[in-house]
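The next part holds the structures, each set out as structure tokens.
In the two complexes below, chain A is the common chain; its partner is chain B in one and chain C in the other.
Moving on to the complex of A and B:
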């Protein structure tokens, strides 16, 4: 037992409260005299400690900003700030408790009965939302601290560190198994910690277990779910000072459930008053926290079931005013705390009512493992039958030794609107009876109509009584009525624990810091960070910056980081064969030192990706793909390689190569200063590639022209990223070189009418639709998509990708709708203001019937429409002379 | 002036106050605080070093038996060779396809008695069964990674490889996971105190 000698302080609603080592928030508050811990969901009735085991909704508080914390299982820490929930202005005086007077307006299912018109729900919803709920979510960024994830593996996982679990772990470990024990309390021992009569904590067994190699013990950790493949979800509280919770994924070959059984209440009038507690709760207060639970108690128990707690009470100095059986109970009296218990044969003045309630095996995990729940009359409980081979159960969770506390179905049930079955949602026996009379007489529909079992306690406290009432009112047995399905997570898990550490993988290019220094304004492209544009002293906003970058490329020279491109190294004698098979263009006849552009199509002729393929050598190719599409392309190539027996080896070089595009009429001047490679058009024509050193860095130079100017795409080992980037900018300084970002690049390529697969095309686009018939070489030996493309060739697709120039001064947005003769005829894919044309230009999908050269279309812009005309050619340098300078 | 080679963590190390030296053309941290202190932290608990400068070769094809001892077997016909720069490389038969992937991966050496506890927070690989000289491929810090175990004497140590562009992201996640054990970065010099290779 924790040494209760060290004292410290925490806060409750701003006032200091004393606590001791080993205290939970609830025990410290109870010792300090608090009896009302929260207010109930619907009627705002005062609620006090009931279970002291984390099984009921009565002790939920806000701890350090986190709402709905079960204070009875939360160890208190020095300096903790605890606040009450769901009561205004205070727990002692809650204005909303007045709503009880209007309970006649809110019978079971009252939403469905009153708000029969949609407008009435929409009118009522904002108000209901304000008053409903229990805790308040913390503001973003507040009230949350670090969460961790961890992955563990075990040969055997034992869930539950009570006597049965400990014994099972010991025997398994002795037999040589590697065992992981998971227990949710601050110390091992289970119910032996608070039940003196059971013999006390098995200290020696625990010490032996701890000393055995191959035994791992995870304490203060609860198991919330058993998933496929024996994956256990576990949450450990405060694993270390820097973390509030740790989510453990525990994969076990075998699972032993030793979760025990827990006590539940039964319904009678005013059974929810503070001061009415379960016997095991009283035992915990006395044994674990050395707290005298009250002054004068009444014990409600069947037969001798109350003897143990009666002895505990007397030992704690509590006067036991009476002992009665459950069928004798009529009602409890009191307003904010119990003052009297009315029984058939008399009244008892008291401040504590001790309920020896039914015991429920904590078999949620067994249910999740696939067990059937079957009613056992002898035990008075639903037991789990039919476990899979690698899941077993030991101890009280099997139902062994259980003795019924009350008859089920209940025989003598006095229906009363304050006799609560579901404490979470204030569902009374009257509510259940009414719902059954209305026709919701199956346990699953009864649950959904009344919200029984649907609150924070997830049915732990109320399912048994609820089934009892249902069975009684329908004349069925408990077994025939059955249980509702137990689903994980049970108990609940915070979203923070599920999310884990605040860590979002980010992909950065090797030149990231250089861009930062140059004033990059960042954008996200999937996980990649890319400069959208660069802020400079001379440009006032994005539009100005982009135009400056654009002009630099068109008139002088610009430099863009394209390291995000996917890159594949393809080697082997049959490499050319594979590329011929998956690309629509030919590659086996590509000469070393040449680059070719192509697209990948699927079997239906739909374009999946595009890219460049450079032939470096007889059996060596270098492929680039669209940013973000590398994984798909590599899988696609590997897929089509399977079973061929071809000698082809593919390696992903994406992260290993930095890549830049140096473009503009002055690009050659800049690059020539850094390399001995002859860059003249004669020696290095358009669509050629060369391997050469640039500024002492081994590089692959590809003369291609995405942005429409003379330029080179340079690929080189990523560790030289900053070095070469700076060298290029230095070499171009006198020419006033500008780094340019994604926005400028988009504009430059759009003026050249270059299609971006995935932006200007979608999952229905074939090369023919997109006006790229030239890329599909149908005379080639078979390639993926050839059959479909052959059939499509020469036919008119329903929609065509066209280029347009605005006839008015308006700039449509990407995605804007297109109208022809007033009817919807298509949409814009890319649109930008073109400095070269002096008007906005773009690409769009238009119904083929309207897609004639020169045809006029209308585009939705700024709430109205603007006119544009269709043009077949690029908007800038259609002949491509600028590329070949 | 020869071109300087930088790991993706270069600026992070700068900001952490590292003292740099040249290491086979790479600019790498020699130490962050004191080499001996870094070595002690490693031996006592856990520490991590950026060893992205390690030479890495991707080898595919029908392997001779000798390759099993010289490299990490990722698949039936797929090996990864890791070597310090300047070290001798194995002879490769013509049936093998070899690609230099030194630049492709950011590589971190996570070492110390608590290194397994840190690794368990980063990956679902069964760390307990990852014995010395075993390797595995799995998600590490939410990105595809490779884990190669190569102990330093009797101190457990793991090489973690992720695609280079995830370098900073993975490093951050490792430091965060190791926070519980006071993880600290260590440089080249610290390994000398432990008799490790550099």
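Moving on to the complex of A and C:
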């Protein structure tokens, strides 16, 4: 409660504002004399407090850089920086308020009627964006990331902390249930907090509830959606000092909705002027914040709520100049604040018009739960029918105590361009009538054409009057007109809350910090960080570094960290059988101590991944996968294992093993210095593997050649990553060894025409298209993709993956278009300058008819074209002699 | 989409812990007619109602399971490890 015991100061548009304990931003500003809180979306009309309950769009402000914050339900904090939105230079004198004088130029459906050419929208958009709108989103990267996510479970979730919700929670908890109460206000009690006539805050009930075991209470949290499986989406404001909002995913066995009912305005001319307020908002200002809301009030009411609020106003010292019924209201007068209310029998000078509007059950969650919303004439509301078994409704949301109020003024007064139904988007009764006359006479099409119910309040303020106008204009009943579908989020949710804290996981290899010492420039590969290249004293730009690294591998020796490769250990009597079934190549006949390359296809023969498989002994294989495909390959292998009863165990060793590739004509000299294993070609030939100690570290050595030189891929326990990396570099120091990065590796492999699955291939590439027919062993009785591949094997694929060498100095970009005789015939997948050829080389998909050896193609480079020729072989060492040295 | 899947190993868990693995189908014999292979490889029943599906409990026990799910209501009638 705002008892004034503690005082705060915050800033509004740079000027200090005093606030008391219990104040919201809006109540403090109102007490300080502020009456205009926002400017409207389209016409820049001044708008003031209307609902004081977080249900309308009239008090949205920017708080500490976050736009569109509902100031009426946001507690004040010391030092808060609050700014106005959508007005220049200030809320009081908004230059764009002149827009409303041209409202006759903006009929309903204005965009559809004026933006009839593509260019018209492009021309108009920048201006419209400046004129119309809400708050401005923060610059990319500048917005706050102080958002949290939380997952909770409850036996029963009670939505709403008013009298009905509290009573339900109490009774459920007494029966032994574990109950979570979610309430969107600062304090529990619902309408009893501010309605003296309702008996005041049920303090004893709240105190008892708080002391009961198994009861949790989440305050300042609104539920914006009820999803499948009773998952509730809840946003809690300021869960603690360090967080703006917390998104709570609450899963409940049972949901009790006690969301209550809220008051809504009705349309009449100038019904949006500041000073025209709902009666419950006036009661909140008086009872919750001890604010005298005005000096001279007119009460517009149709029932007992009028007497109740009149008594409250008198108690607060407000003169009540008149009390009239809604059908008497003609219009309100005033430029930036109401000064007069015109009624059929006279005018009232006033500075406050208190609207006792219809009460609407807050049934959005019931609708989302699957209930049908049917019009109840007796209650004057759409009420829910047919809730699922584990969702129930209690209290005012059921409509039990509603008395119908008149939602619309009489026919003769209803239509005026400034008689607003939708405050969020400035939709008037005239706009609705015109839209209906244009044929949008169904409530769902009317909604979409006029944007009724589509603003920040998500229809809370306008839905009932909108349906009323539609019903009356079409001659249908309310029930026949029906209600638009409620979908989450309702009410609106900030994107920050949905995005959460934006944690981004990063994986570092065991040698990460050694790379950093060597001047690594990083690139992201999925979650992994990999050195793209190394900056050195002699070469500071990428091209020079890559060329130095390239030359080290081709002429001496280089070392690359390949720890990011997926590594799977496959053991068991049937391991070879599984690999034979899933990979296209054959593994059951692979001799222990040998390595074989293969691809993995789906049943349509499309390549999914590739890698090497080493046979360590009779029942033990070691698979490598590409960096990004590890999870997929492991799940794929395990899937094909389900139900076979085969003896196979698959273990993911990716995080537990570091791996390097040591390659170059001097690689043997370096490695031999650190191991007793005989590395001579006779003892350790190409495509062989051995388990041996390297620098006293137990390692698996595989003699393979992705980069096209004599080399070993070395896999060893991750904890020795840095140790072995440094030992290898030390051992190669005299030979001028260099660490090399991904960019040099890609160039080296491209010269060898080694394909990267997923880069050079896509979701249409079979081994035949890619020129890798040898990898598909069709003589195996069965493997995944065999049927499709056997049908493809005799045919000419529509496209072929070819290698090309440029005739000119140009270097095409990856993805560049290929032309044959001036027409589009393919695209480049990888291209780099090849130091060995002295020209750029690359791989490309080309229509098979044009993919003849020696044929000339044209490639789009820098807006022009450059010539290249198709070559059949690798661009470097086509015979593979260097791999076998 | 926020339904629960009763994992036979882990119990009721959010669908976001799982990876969808497609409809359960019988793989033809290697030498089955081309039409059978075409059907198996390219055609989906996409049942409007209850169908048997593969699910992988990625953020849980990391096992493949099968579930019978009503595709119109997302009600999962049962989930089990196939034999």
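Operating definition for what follows: the second predicted complex is superposed on the first by the 863 of 885 C-alpha atoms of A that agree within 3 Å, B and C clash if a C-alpha of one lies under 4 Å from a C-alpha of the other, contacts with A are read in each partner's own complex, and residues count from 1 in each chain.
Keep this in mind: a residue touches a chain if its C-beta (ideal position, glycine included) is under 8 Å from a C-beta of that chain, and two chains touch if they have at least 3 such contacts.
Given the structure is predicted, the values throughout are model-derived calculations rather than measurements.
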For this session: Examine A:655 and indicate which partner it touches, taking first as chain B and second as chain C; both and neither are also allowed.
Result: first
Exercise. Touch check for A:528: first (chain B), second (chain C), both, or neither?
Worked result: first
For this session: With the two complexes superposed on chain A, say which partner A:152 touches: chain B (first), chain C (second), both, or neither.
Result: first
Exercise. In the superposed arrangement, which partner chain does A:723 touch: chain B (first), chain C (second), both, or neither?
Worked result: first
For this session: Once the structures are superposed on A, label A:508 by its partner contacts, choosing first (chain B), second (chain C), both or neither.
Result: first
Problem set entry | Contacts of A:782 with chain B and chain C, given as first, second, both or neither | second
For this session: Considering only the touch criterion stated at the top, classify A:639 as touching first (chain B), second (chain C), both, or neither.
Result: second
For this session: Could you list which residues of chain A make contact with chain B in one structure and with chain C in the other?
Result: 251
Problem set entry | Residues of chain B that touch chain A when the two form their complex | 2-8, 10-11, 26, 52, 58, 60-61, 97, 99, 101-106, 120-121, 123-129, 141-143, 163-170, 172-173, 176-177, 179-180
Problem set entry | Contact set on chain A toward chain C in their complex | 227-229, 231, 251, 603-604, 631, 635, 638-639, 642-643, 781-782, 786-788, 791
For this session: Write out the stretch or stretches of chain A touching chain B in their complex.
Result: 148-153, 178, 239-240, 242-243, 249, 251, 501, 503-510, 513, 528, 563, 569, 571-572, 649, 651-657, 695-697, 717-724
Seminar exercise, completed: Residue positions on chain C within touch of chain A in the complex are 1-4, 14, 19, 21, 28, 30, 34, 37, 40-42, 54, 56, 58, 62-64, 74, 82-83
